[in-house]
Amino acid sequence: MTSIAVRSVTKRFGPSGTPPVLGSIDLEIGAGQFVALLGSSGCGKTTLLRTIGGLETASGGTITVDGRSVTGGASERRKALADVGFVFQEHNLLPWRTALENVALPLQSRKVAKATRTAKAGEMLELVGLSHAADKLPHEMSGGMRQRVAIARALAYDPGVLLMDEPFGALDAQTRDNLNLELQRIWLEARKTVVFVTHSISEAVFLADRVVVMQAQPGRVVADVTIDLARSRGADVMATPEFARYTGLLRDALDGHDAPALNDPAPNATEEKSA
Amino acid sequence: MTSIAVRSVTKRFGPSGTPPVLGSIDLEIGAGQFVALLGSSGCGKTTLLRTIGGLETASGGTITVDGRSVTGGASERRKALADVGFVFQEHNLLPWRTALENVALPLQSRKVAKATRTAKAGEMLELVGLSHAADKLPHEMSGGMRQRVAIARALAYDPGVLLMDEPFGALDAQTRDNLNLELQRIWLEARKTVVFVTHSISEAVFLADRVVVMQAQPGRVVADVTIDLARSRGADVMATPEFARYTGLLRDALDGHDAPALNDPAPNATEEKSA
Amino acid sequence: ACGSDDAETVKGGVTRTYQSALGWLVGNSPEIIAKEAGYLAEYGINGKLVSSTGTAQALQGLLAKSSEYSRIQPLSSMITIANEDAPFVVFGTSVQASAFEMQSLAEKPVKSMKDLEGKSVGIISAGGTTDQMVDLMAVRQGVKPKDINRKVTGLGTAAHQFALKGDVVAWIGSATERTALEEAGHKIHAWSFDSVIKVPGDSFVTTRDELDKNRDVVVKVLAAYYRGLEFVVDPKNDKQTIEYFRTYNREITVDMAQAQLDVARPLFLAAGRNNIMKTDVTQWDTMQDALAQAGLIEKTVDLSTVVYADLLDEALALI
Amino acid sequence: MKRTSTFVDRWLVFVTTPLLALVIIGGWEAYVRLSGVSHFVLPGPGDVFAALKTQITDPYVWTEHVWTTFVETVFGLLIGAAIGIASGFAIGKSRILDLVLRPFLVLIQVTPKVALAPLFVLWFGFGESSKIALAALVCFFPLMVNTAFGIQSLPQGHGDMATSIGAGRWFRFARVELPHTMAYILAGLEQAVVLATIGAIVGEYLGGDKGLGRYALNLQSNLQIDLLFGAIVLMAVYGLVLYVATTSLKKVLIPWHESVRLTSRPSK
Amino acid sequence: MKRTSTFVDRWLVFVTTPLLALVIIGGWEAYVRLSGVSHFVLPGPGDVFAALKTQITDPYVWTEHVWTTFVETVFGLLIGAAIGIASGFAIGKSRILDLVLRPFLVLIQVTPKVALAPLFVLWFGFGESSKIALAALVCFFPLMVNTAFGIQSLPQGHGDMATSIGAGRWFRFARVELPHTMAYILAGLEQAVVLATIGAIVGEYLGGDKGLGRYALNLQSNLQIDLLFGAIVLMAVYGLVLYVATTSLKKVLIPWHESVRLTSRPSK
């Protein structure tokens, strides 16, 4: 079953004539799939994610989430996005709310009772290792703490689709590893559809079912690699030769040597796109 | 010659009585040394860097930069910091200035002639791979692009001391590797004093002469490891067993198993601190 | 409350509002006493008293039917009646002489409008009564109104300062203001406008509509005002007058009020004790001619449709 | 450094304000003596303070005038704030409403209300209602402009976040837009409270029988210029008190805002 | 979606504004007819527009009244803006100056200026200077409040960045603080331009022989109420034009600001 379908989506900021930020993007993501999005800085990952999340209007093409159009009317879009959680590249915490209150916000918006949402938000803060900082305001937190609060916020209301834009970018290795494991656990339990932008190739391989590689000008998909590693994966998976093969493959795709490296065994899981 | 001397520095946000964010920090950094600062999220790296950079007032202790006190009077502080460049964890670009204008800002503040500063800023943008984005405003750039502009800004006026707070956090592997090499080149050429906060152990080992590891509550230095790898280091250094030894050592220090692992050969470069 | 909204309303009576043209001056005492001494109530009228900041405000209040009665300087009402067909009628005259004087420094006295040619005179407000007064008197004394500059100096006491400074050579002020200046030790030369042209004193006005529909009420109001005026002109009542007055202008001291009363009484009595409240139609005639001559009105009106001097007789019949 | 500057902050004002006040009063006295200005135009500070003393010990001044003006100001401010904030949000959130409504709201503001006073009296009577209406009409504007400015300054990220959690219109408004805009509203309120006071007093000037404006008018026509200046001082202090009350709302309502946070950062 | 809404934005206003104006004029006409209000209090729109027609074709109205008020407003605004922005920066940047100066600046603002009119005239003369002074005094306040608010809202990161590059006071001010505060200043200016107009007109009410205020006062004393309302319309339009001129400064001075950026984001 398809969860997210991106069809011939283009995006330009500015009047037609300006070069597009996204060329023509086609992407189909099955329900419960974990897709990592790799690509160099400025290639359009955030833009693609934001367009899927209904935060930018596509200049062309259509996007559906769970069969509902995101690119159409506002009420249809709202319905389509009701079950979508977003972790932004910048934390976007509300400066007047404490960590706990920020995490509880989506629950509050869903009219969850106060006691329940405080409990739930507390749980989420615990998950990201911030129980001790529940009462801090954003300006009293470190960069990494803010980002973790933002992750907790997106997880708090248990959305079926998670769009995560470099959620672990500002975290130290240890916290990051912990959260990687947690995210995998959550995903294995609940089988959410996840689109996960990251700059770390190994993080992508470790977490994802499938890694989509983008390149810039215009932003386009240049590789789409299925990661056939058994779940649940432990830290030890990183030492396996398959893991190294995948990271090598992806590194090449990122460098632009796409064609030769992409001889992946799985038949229709790897596709090639040319600009 | 000592470039930065941090002596018994403590820092608390709030009235005395609140638990300190920085315990008593002692740190001496020689002129031209490249020091990496590692530590888990929220342990006080940013706070320490900001205090050294004169952006926070120390609650106790003294800091000197090139012999001038940062913790004393305002005019002394200004002189001390005249030669210090800062890359912030958050980009802090001015939203009304284009990438080029943002990079040129410190030069403008130093009354560099317009033509010179435009040329210099253009050069710096090229270094971070953003020549094509010189005329973009911050809100028209991607997260990684903004961070690169901020790096270019700090490098533009060629300060003798560079304080860098996770400068490469939001960058893809390739860009990051390039900038690592560039930074090493610049440092080898000009022998700046650099304090470099990072979450990547391998980045720390790759770049630094010395890696300082902090732990939290209160923020304190738990390990101080001299990296004895020959310069200039290429990407291949990462494959050497020394490299692996250092990363293992540091990983242990980060995890809190400090004492046994810290049997480093260099006599007074490694110190141990206990809480 | 300043007595305007109190409980002593007359059951089944009509309510009528009087709006003063400019705050509460001792000159308003007859109207105040008419209410406070219960004369209006005796005639079945619930009186209300409100103030305003200018003749135009008061006149507009009448036209808006926010209020029914006022007492204003006749120059203004005449001009609006003639030029704008404003539906005002005059039914009584409380002051029989002009309250305004041409004042100047005693050292440099201005003795006639001729002395003002090419000079500046201080007036209270632009376009207002004092401004029109200057026009009228200039024409009377053969000076082109345009040849006299006007400066808005406000109160006479402040105008004096501008005269000292040389901004104006004379100003228009009231007798009360002159007294205050003299008490402060200044020497003032002053002459009443009546010495140049005798215009009617401040008159009670209401609207044509009120007169047509409620002539009896107008007469009763006038009767009450007449009794108020009678009360005021009798020095025996001064203590009580001042007490009544001070319910509306609590700020004034008894001494000051007494002093102002002493200045105002001669104005009430200027036409003689037997002629108080009398409206002299010939003065209106004179004024209208002068205004026409000065070009301040475009056409003349039939004064019998404006000035109802005979209402006083009907009012006196009630007393 | 921090402790000192907080200490200085807290106590300095008790030294400097009286000092500056003394300087101003001294200058005033000197001017009155040297220029020989008539006491009908500007009485000396001695006379004015003597007058002020009798005024502030007169309960009637408090119960009638100050209280009346206070009630008018507060109600005017409440109504004006409701109009100003509501219209500010409307035009701030909708470009179309902005284009359509703003011209008319600006027109209301620029229209000189003095000329409309008779209409006000006609519609709202001679009592307090007409003054309240005038105060409301005079004070809504800064709230409108600042509220619109605030809502339009909502960081894109805040709005995106609200969209992404599927916030409904009302939730977005109450939990994201309103708190963000609060700082701007309060800056508008600082101005509105002053304008409401002026509006109420001007309204009293134009007609009525109570309130500070009416009081001043009487004093003026009585030529009690020293008392008039006393009343002016009273009105000014009255406005200042209301203003201070308003600004202290900031510490309660937006403790998190940059403009309120007590910074312990080095001075620059 | 974007194209349409820009199109709608641009043209809708040419439809709705006249439409809304018509509705208001229609309501006015209906009120005048049904309520039977005297035309001396509120003339019908027909009369007012007839009056307005004679007024706008009378060159004297333009050369004497409109021009005089315009000059007074502009100079008053310039002086007031200079005072307001300067004092706003001073009190915004220094907590101590804030505590020391703000009470006095608020006092200046809350003091009813009507009673001080003779002093103004005494100091600034009968001519335009006294009106300019009044306009300046009335309009500086929103600029002060908003400038102070703006400078106090400077994101900590901006300030830190300036410190870190070793920016001097002046550079920090000119390149960081001022550009950031510009948006706030412009919001203050929107209010100041309106207040300056009111200040100039009130000044003319209080004395003078030229300008729209004096003109309106004459018309009111003559009970030429249709002409008076014509003059009010003229003043209102005049104020509106100045206001629009001010707001369009935004597009020039702060094109980067959230409140100006034309967003292509989905409607929420």
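Letters are used for the chains, namely A, B, C, D and E, taken in the order the chains are written, and counting of residues starts over at 1 for each.
Just so it is clear, a contact is a pair of C-beta atoms (placed from the backbone, for glycine too) under 8 Å apart; a residue touches a chain by one contact, two chains touch by 3 or more.
Not measured: the values here are computed from a predicted model.
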Going only through chains that touch each other, what is the minimum step count from subunit A to subunit D? 1
Can you identify which chains form the pair with the largest number of contacting C-beta pairs? D-E
Averaging C-alpha coordinates per chain, one finds the centres of subunit A and subunit E separated by a number of Å equal to 49
Where subunit C and subunit E are represented by their mean Cα positions, the distance between them in whole Å: 39
At what distance in angstrom does the C-alpha mean of subunit C lie from that of subunit B? 85
On subunit A, where are the residues touching two or more other chains? 13, 54-55, 90, 139
For subunit E, residues that touch 2 or more chains besides their own: 37, 41, 118, 122, 155-156, 163, 220, 257, 265-266, 268
Which residues belonging to subunit C are in contact with no fewer than two other chains? 60, 63-65, 155, 158, 161
Quick one: in the complex, what on subunit C touches subunit E? 54-56, 59-60, 63-65, 76, 79-80, 83-84, 86, 125-129, 131, 150-155, 158, 161-162, 165, 167
Residue positions on subunit D within touch of subunit C in the complex are 37-41, 60, 117-119, 121-122, 125-126, 205-210, 214-215, 217-225, 227
Applying the document's contact rule, which stretches of subunit B touch subunit A when the two form their complex? 13, 38-42, 45-47, 89-90, 133, 140-145, 148, 166, 169-176, 199-201, 251, 254-255
Considering only the defined contacts, which subunit A positions touch subunit D in the complex? 50, 53-55, 78, 81-82, 84-86, 88, 90, 92, 94-96, 105-106, 108-110, 137, 139, 153, 157
Which part of subunit C faces subunit D closely enough to touch in the complex? 1-2, 4, 17, 19, 22-25, 49-53, 57, 60-61, 63-66, 155, 157-158, 160-161, 164, 176-177, 180-181, 184, 248-252, 256
